[in-house]
């Protein structure tokens, strides 16, 4: 029983960070109707920025959020503006060419990082990296708790933005009905640019938060891109609340898989759930709660 | 095939004579790999370019074919060459099953599902040690020392694959595939069962990809799940070969395959040793940049946008008004 | 106030409008009638810049509208209530209305406008917190009109506001349109409900195959044989 | 047994009832008009007949066989062809290729399909445009292509959805002629149309619906003089 609770708790904690990755992806999917196959790679870039800040300035990874998020926001904005948006006017045989473009972007990001930092594993050792607090026999890893807390805070901020500000409402409006949004005086093109920037910044936040827990290497992006859309499909595409639920579900599922199946099959658990949801529940887990 | 197609004959002649003219095993190896990619790229293109179903999971079929050949040795204790007979059909059956699951989904959702299935295959092949030997992979002893038999086998496979796909695209099936790609609803109302014909397209596609996988096992003598079931080295490479050459064309993927493999080799060898060593690390970077460039400026690939490229060379636009559809 | 001059427009490689010219004076109520596919909605979409005309000019007051990006149109003072309502289904009625007042010239007056609009549409006041997608057809149309009003337009474009509504609701919608008109808003409306709209409008244009074939006072057109023929084929 | 029949056909999208309790019969060889104001549910009826939407309740019978639940392509194979109001040309195929793809409905031989396609294209006066890519056609030719493609599947019943919308008067006349010609080959036609002088001219019988319900049925003259129809079209005063 104790093992179960322990597994469950660490699943939830990591799920909170996964939720951030999912939120970024959901925003992009909702507004642009594409899957962003560079999502994990953007996160990876943020991790390297955080790593660099730590190595050169000894900046704590959690403070590096303040650098990594804006940096990735800018990168995202540029990518959307100069590489993704222009494709809207291109007539190509495969309608998925924006998605294929994100594949190319992901490759380039990974390789540039490999060029600069080489393929070696890196990690950030902070004073609290392996410290834990105990509560009734269950251990809580400190960096995970801090990360979970920051993730919650950022999520709350995002919700405030989306629900209470005009720009945030415009983002939602554009996702729901692009034409009508234009008629309301919303510059939909600009909203897509902003959204990709925001989505990247959220991926960046997740990256910085994960750094004290994970090893870092250039190819870490790919698996996280997969996780990102597992989360979004689980949560029902374009649903922000769903992304958080999806993140937590994936976190718990992985953690359970690692404990009760094997470490190596941990990723397959996510994939299998993902496939089942994709096929049998096209609306995501959200469809279960809808009457 | 009424008129004699001189360029095609020329290409076949050059490729047939190549090992005789170029005595280097190194170059023969590069060409063998390129020919193998001709098969995979063309097979992917039948499903994606002609039928409109973008697969991110062709490694499933490649890996299945490769492991079929490998398991012939480790489990059945027969020659891996039996894999050349079994690899295609086994991959085809796998394709049928995957189609049955994934064709309920359209467009990007289909693409997503294929990534997921691909990853599941890779993980299973990694974890199920008793059956696949896991990460250690399967090692066999190659039959031939010389590259020449492999070369001609690869050339034969590439020619077979292109011919079959050429014939398919000019038959009822081909028309149905393109109709589904252009508008699935219209196709259904024309009496076309989208599900059935997508499955047929996937079956042909997975058959040839599996064949290529079986060839790879025989030629390389070693496989492991991280390579043959790889999302990046196989599935995405297949996509790159297709889109760089040009989807929905017969000659796009072959051209794409040679460009990709030659480019890869050029960089990997630091321009054959002419440039500093660090260049060799840039080959995937160059792929990525190339993809971005092609999607941005040549949405239909090198063959699909051939007329556009020609126009850049000669300003004589009027001569080239007819677009290069083949 | 609005002048459309020799506009040719269409979608992609298909031309829908041929040399369309008409005008709407300030405080006028003008109706465009015509069969399905005649190009009525295309005119509306061209005015609100959702489509760029192939040639021709559109003037609003002293400003050229063609080639102004669509998201600037509300700020000019034109509000387009599109065909099929086009609400934001997963947002509340209130949020839908707020999004109507994003343009800088409307933003500062959001509170007052909202009060005014909710007074005009008491039904929406009751449903403020409800998601727009869950409203009935009539309520959705009201919400769309109310959202259009939130930008404090000088001119409103109504595209088939009676689409799919029962006769009773249709009458309600027309009554509202007249009320809005009486508050000083210029109106250009596309409608299939010919009799009713021709009775309430000042002037009307008849559109056939993307060309304007007839123009006149509403009442006069109502008696016109050509109009009857266009709609009933007798 | 009627050639084609719907019995108490009903379709609900969520709470919205788009087609309600609609019953009508079409006799072999006639041109049957389905009219009604915008948004009255005509296209939905077509989408129900050719299996694009599942039926909520009621049934559809074609030559005595129930169509309920069959997939679209099977309904086409049974002999019901349709055109779309928003035309769906297979854009990157030529006109000829479009029609050939359709003509494969009853044959697997290239030569036969090609012959059938050429014949249909000649019938629809598209024969000189065979090599044009479908995406470059004018609206008039697109509508013709839509009809040619439906005809090439060899239908017994043809559903035409607003094939005249957006055409010039000249093109409309040609369209009317084409529809008559199709009927003369023995194909039964159900047509949805907004342009009244067209529908009044060519239909044998007309069904007028509004809010998905029948409001009048009869010959063109009867329907045109029906008070409910005039009200539905012109509104009440």
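Chains: A, B, C and D, in written order; residue numbering restarts at 1 for each.
Throughout what follows, a residue touches a chain if its C-beta (ideal position, glycine included) is under 8 Å from a C-beta of that chain, and two chains touch if they have at least 3 such contacts.
What you see is a predicted model; the values in this text were computed from it and never measured.
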Which chains sit in contact with both members of the pair chain A and chain D? B, C
Chain at maximum distance from chain A, centres defined as averaged CA atoms: D
Centre to centre, by mean C-alpha position, how many angstrom separate chain B and chain D? 43
So the centre of each chain is just the mean of its C-alpha atoms; given that, what is the distance between chain B and chain C in Å? 53
From the C-alpha centre of chain A to that of chain C, how far is it in Å? 42
Dist(centroid_CA(chain C), centroid_CA(chain D)) in Å evaluates to 31
Of all the residues in chain D, which ones touch at least 2 other chains? 92
Chain B residues touching 2+ other chains are 248
Using the touch definition from the top, which residues of chain A touch two or more other chains? 93
Which label fits the chain touch graph of this model best, line, ring, star, complete or other? ring
Output every touching chain pair, sorted by label. A-B, A-C, B-D, C-D
What does chain D use to touch chain C in their complex? 16, 37-39, 135-136, 138-139, 142, 162, 164-169, 194-201, 211, 220, 224-225, 230-231, 233-237
Residue numbers on chain C that touch chain A, as the complex places them: 48, 50, 69-75, 80, 82, 86-91, 95, 98-100, 102-103, 107, 147, 151
In their shared complex, at which residues does chain C touch chain D? 13-16, 35-39, 137, 160, 162-164, 166-167, 170-171, 192-197, 199, 208-210, 229-234
Show which residues of chain A lie in contact with chain B when the two form their complex. 34-35, 83, 86-87, 90-97, 99-101, 103-108, 110-112, 114-115, 222, 226, 229-230, 233, 262, 264-265, 267-268, 271-272, 274-275, 278-279, 282
Using the touch definition up top, name the residues of chain D that touch chain B in the complex. 50, 52, 71-74, 76-77, 81-82, 84, 88-93, 97, 100-102, 104-105, 108, 110, 113, 149-150, 153
